[in-house]
Structures are given as C-alpha cells and as structure tokens.
Amino acid sequence: MASVSEILPLEVIDKTIGQEVTILLKDYREFFGTLVGFDDYVNVVIENAVEYLEDKEIKRFQGKMLLTGNNIAMLIPGGKPVSE
Amino acid sequence: MASVSEILPLEVIDKTIGQEVTILLKDYREFFGTLVGFDDYVNVVIENAVEYLEDKEIKRFQGKMLLTGNNIAMLIPGGKPVSE
Amino acid sequence: MASVSEILPLEVIDKTIGQEVTILLKDYREFFGTLVGFDDYVNVVIENAVEYLEDKEIKRFQGKMLLTGNNIAMLIPGGKPVSE
Amino acid sequence: MASVSEILPLEVIDKTIGQEVTILLKDYREFFGTLVGFDDYVNVVIENAVEYLEDKEIKRFQGKMLLTGNNIAMLIPGGKPVSE
Amino acid sequence: MASVSEILPLEVIDKTIGQEVTILLKDYREFFGTLVGFDDYVNVVIENAVEYLEDKEIKRFQGKMLLTGNNIAMLIPGGKPVSE
Amino acid sequence: MASVSEILPLEVIDKTIGQEVTILLKDYREFFGTLVGFDDYVNVVIENAVEYLEDKEIKRFQGKMLLTGNNIAMLIPGGKPVSE
Amino acid sequence: MASVSEILPLEVIDKTIGQEVTILLKDYREFFGTLVGFDDYVNVVIENAVEYLEDKEIKRFQGKMLLTGNNIAMLIPGGKPVSE
C-alpha cells in the first residue's frame, strides 16, 4: 500500500476553497458549485450552485448559498462521479 | 480558477441583513422575505415572508417570523433560483 | 432597499411577550395564543392556546402550555397569515 | 393587551409540582397524571399516569413514570383541553 | 391536592436500583427486568430482561443489557400497567 | 428482592471486553462478535462480527468493525437471547 | 476466551489510515475506498471511493470524499464482508 499523507476533514474543505465541489444532503439532494466558505460545524457556502436530483439538473442559482452542516452527508471536492 | 474571496457562513448571513433571502427548511418548506436577524445557531428572523411549496406561493405573512436553526437546510441570499 | 434595524431571534421573542403568537411545530401542528415566557433553548410558554391543523381549529386550551424548543420550526409574532 | 407576567418555561413546570399535568410526546402519545419532578433537560416524573391516544384512555399506571425530555413536545399544567 | 414530595428524574431511577422496571424505547419496544445501573445520560443497565411488543412477550434475555439513553422514551419503576 | 450490586453502563461495557456481545442498532440491524473497545460516546469496536436480521445470519465480517454510538439502541454482553 | 488487546474506536480509525475501508451510512449507502483522514467527530475522508447499494457497485469517484460523522453507522477496516 503506497504511503498516504493523512489529511483532516476540515483541511480537505479548506483546500477546496475556490474550487468546484459537490455537496450531498442527507435527503439525497445534490448541489454542485464553487466552495467559498465553511466553518467548524461543516456549514458551507457555495456559489452559483446547480441542483441535481438523481443526476438530473433541476435548478440553477446565482450568487451564494449556505448549506447547514447538520444536514450534509457528503462533500466531494471536484465533484462529479467518474462513472456510474 | 479565478481567485475567490473566502467567506464564513455567518458572514454570508450578516451581509444579507436587510436584503431578500430564501430559507429552505429540511421538510422542503420555502420562505422568501427580508432578513432582519440571526444568531450563532443559525436561528433567523425574516420579515413579510411569502411561503412557497414546490415553487407555488401558498401563504403571505406580515411582520416578523423566527425560523429555528436546527430545522433549516439552506439559506440563499437574494433568493429566487435563476432557472429550472 | 430601505435600511432595516437588525434584531436577534431571542429579541423578537422577548418583544412578543404578552402578545399573540403562532408557534408551528416540526410536525405541522400549529398553536395560537399569548406568549408568556421563553428561554435560551427557545422552549416557550403560551397561554389560552388554540390548536389548528391545516388552518382548522381543533382544540382550545385554558391556562399555560409549554412547547419544547427542539420541536419548534417557526414562531410568528401576531400570528395569523395575511392571506393564502 | 392586559399586561402579562412573564414566566420561564422551567418555572411553569416548577409551579405545577403536585398538580395534574398532560404531557404530549413527539409521537402523539399523551399522559395525564400528577407532576412530581423534573430537571433542566425537561425530563419529567409523573405519578399514577393515564395514557391517552387520540383522547381515548388506553392504559393506567400506578406509581411513578419518567418521561425523557428529548421526546416531549408539550407540557400542559392542569391538562385537559377545554373543548374540541 | 395532597402535598407531593418532589423528586428528581435521576433520583427516581436511583431508587429503582435492584427493583423491577419497564423501559419503553422511542420505537415502542418494551423491556421488563431488574434495574442494575444508570448514568447521567439515562443510559440504563437491566438484568434478565423480557422483551414485549404490544404487551406480548417475544424474547427473554439472561444477564445484563445496556439500553442507550437517547433512544429511551419512558422508564416505569415496578413496570406493568395496572389496567388497559 | 435479593440485593443487586449497582453497575454503571460503561462498566458493563468495560467488563465485556474480550467477550461476545450483541449490538442492536436503532434500525434493528444486529451484530454479534467479540468486543474489543469502546469510548465515552458508546462508540464500540467488535471483531469477527456476524450480522443478523430478524435472527437470521446474513453476513460475516473478518477483523474489526466500529459501530457509532449515536446509532446504537442496545448492547447485550454474552449476546444471544435465551428463548423466543 | 483468548485475551484480546483493547483498542479505542478512534485508534481503530487511526490504524486504518492509508488502508481500504468500508463506511456504511445510516441510510444503508456503502462506500469503499482508502481512508486518508478523520477527526474526533468521526468525520472521515476517503479517496477513490466506490459506492455500493445492496452490494452492487453503482458509482466510482476520483479523489477525496468527506463523509460527515453524524450520518455514519459503521466503519469496517479492510472492508468487504467475508461471506453472505
């Protein structure tokens, strides 16, 4: 097993600032946008988000959007799954 | 990737005071009104709210309304999605 | 946008003491009565409450009623929606 | 609006010690009995409780019963609704 | 109303050590056994438990069983309802 | 009632280290294995777990498995119910 | 019973850094990948994850993925069940 450099969850988020990210909520709603902020409770702010439901685009938003941490299941820097 | 100025979630809310905002609850209820206050638990106060369900207006309220933080999924300054 | 005086959520509740208020629980039950007390956890005490379900009156209560904060979704000073 | 003496939620509970009370749980189960104790988490102890479901008596208990705070939706001193 | 000696919830549990108790979980499962321990989070330990579902015995356990506090709805010293 | 030596919930877990245990999750999944560790949040580590659903074996695991505390309903040292 | 060396839950995670792991969420979604980070809240970071639903592969991801702790039910170093 090639050695892996360990990284803290909040560091992953920090390194994603200014980049694309996919956020999956606990109720399966999915948002793809640019990550512009976060805090210790994993509340996050994304910009110009596109909302997907079962991989189909359903809504576009302009500007910022705050997603509350206690409702987030997953955060994926870069965002899109490679294959299905 | 153009550089992005990082912003904390509570800063986003603070900068939205006095402006229109859409608040989505965890049970999909949606409220559009003027943001007049908030606290560290993301409890928020909006004014003259309009309630939407699946993008259809269903109720108008006059005056202030407090929405409890542990039931909020999303907060969108400016509010309305650009397109669907 | 006319300037708006910012107000903390607990201040909204405090200013509503002695006045009518509508409390909506997370399970959509709705109570309309006089607000007589609250605490930092948004536990609230109302008096002579009327219970509504989908805007139809279903029960009247005499005296005080405590509603626990972690089950409250919304608090609306003055109470009744303007129009539907 | 006649002036109203403000009262803290825990004070309401404290003043109900030794008196009848109705406790409604988040899953709509309803217990009517004598309040004999409580703590800061709104865990409560009632005595000789009668359990109701949709206003029909379904069970009687002798002695004490502890109801955990994080499952309580409402506490109504005196208890029974005035009218339906 | 005969005067009632007030008792804290954790005191009720403490006084039940070594005695029979019924524990009802939030999902309606019911366990009847001897209470042998508890902590401040209302995690409890019972011994030789019998599991009931809708008042029918479905399982017997030998030895100790830990029930986690955040899943407990009710704790009834002595246990069995008097009448239905 | 024979006198019972009181025991704290975490003590029960501690005394079960190295022994067989059944862990029931809040969603009724059941795991039977050797308890090898735990912490104050009742996160637990078991080894060589067998997963049961309604008392039928459905999966075997080799090595360690961490079960998160806020999803655990019951922990039964020794494990198997005596009778059904 | 052969003696078992006790291990804390967070130690199990720590010893799995750089190795394969299966993470099961509370809603039964399952992710298999390389563990690259975690924190005290059992938020975890995995790399090149494969998503399974009822043991069938449904999605592959490249790069890192953060899974929030309050939504995780189980963490299994090494990952795959031995037999079904």
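Note that the chains are named A, B, C, D, E, F and G in the order they appear, and that numbering of residues resets to 1 at the start of each chain.
Just so we're on the same page, contacts are C-beta pairs under 8 Å (C-beta built on N, C-alpha and C of every residue); 3 or more make two chains touch, one makes a residue touch a chain.
Note that the structure is predicted; figures quoted are calculated from it, not measured.
Asks: What's the minimum number of touch steps needed to get from chain C to chain G?
Replies: Steps on the shortest route: 3.
Asks: Treat each pair of touching chains as one step and give the shortest count from chain E to chain G.
Replies: Minimum step count, chain E to chain G: 2.
Asks: Between chain G and chain F, is it the same set of residue numbers doing the touching on each side, over half shared, or a different set?
Replies: Counting shared over all numbers used gives less than one half: different.
Asks: Roughly how far apart in rotation are chain A and chain G when fitted on CA atoms, stated in degrees to the nearest 5?
Replies: The two chains, chain A and chain G, differ by a rotation of 50 degrees.
Asks: Nearest whole angstrom, what separates the Cα centre of chain A from the Cα centre of chain D?
Replies: 43
Asks: Which integer distance in Å separates the CA centroid of chain B from that of chain C?
Replies: That pair's centroid distance is 19 Å.
Asks: So, what's the distance in Å between the C-alpha centres of chain D and chain B?
Replies: 35
Asks: Listing for chain E: what residues touch at least two other chains?
Replies: Expected reply: 70.
Asks: Quick check: in the complex, which residue numbers of chain C touch chain D?
Replies: Interface residues on chain C, with respect to chain D: 17-19, 25, 27, 34, 36-39, 43-45, 47, 51, 58-68, 70-71.
Asks: Please output the residues of chain B touching chain A within their complex, sorted ascending.
Replies: That would be residues 1-13, 26, 42, 69-70, 72-78, 81-84 of chain B.
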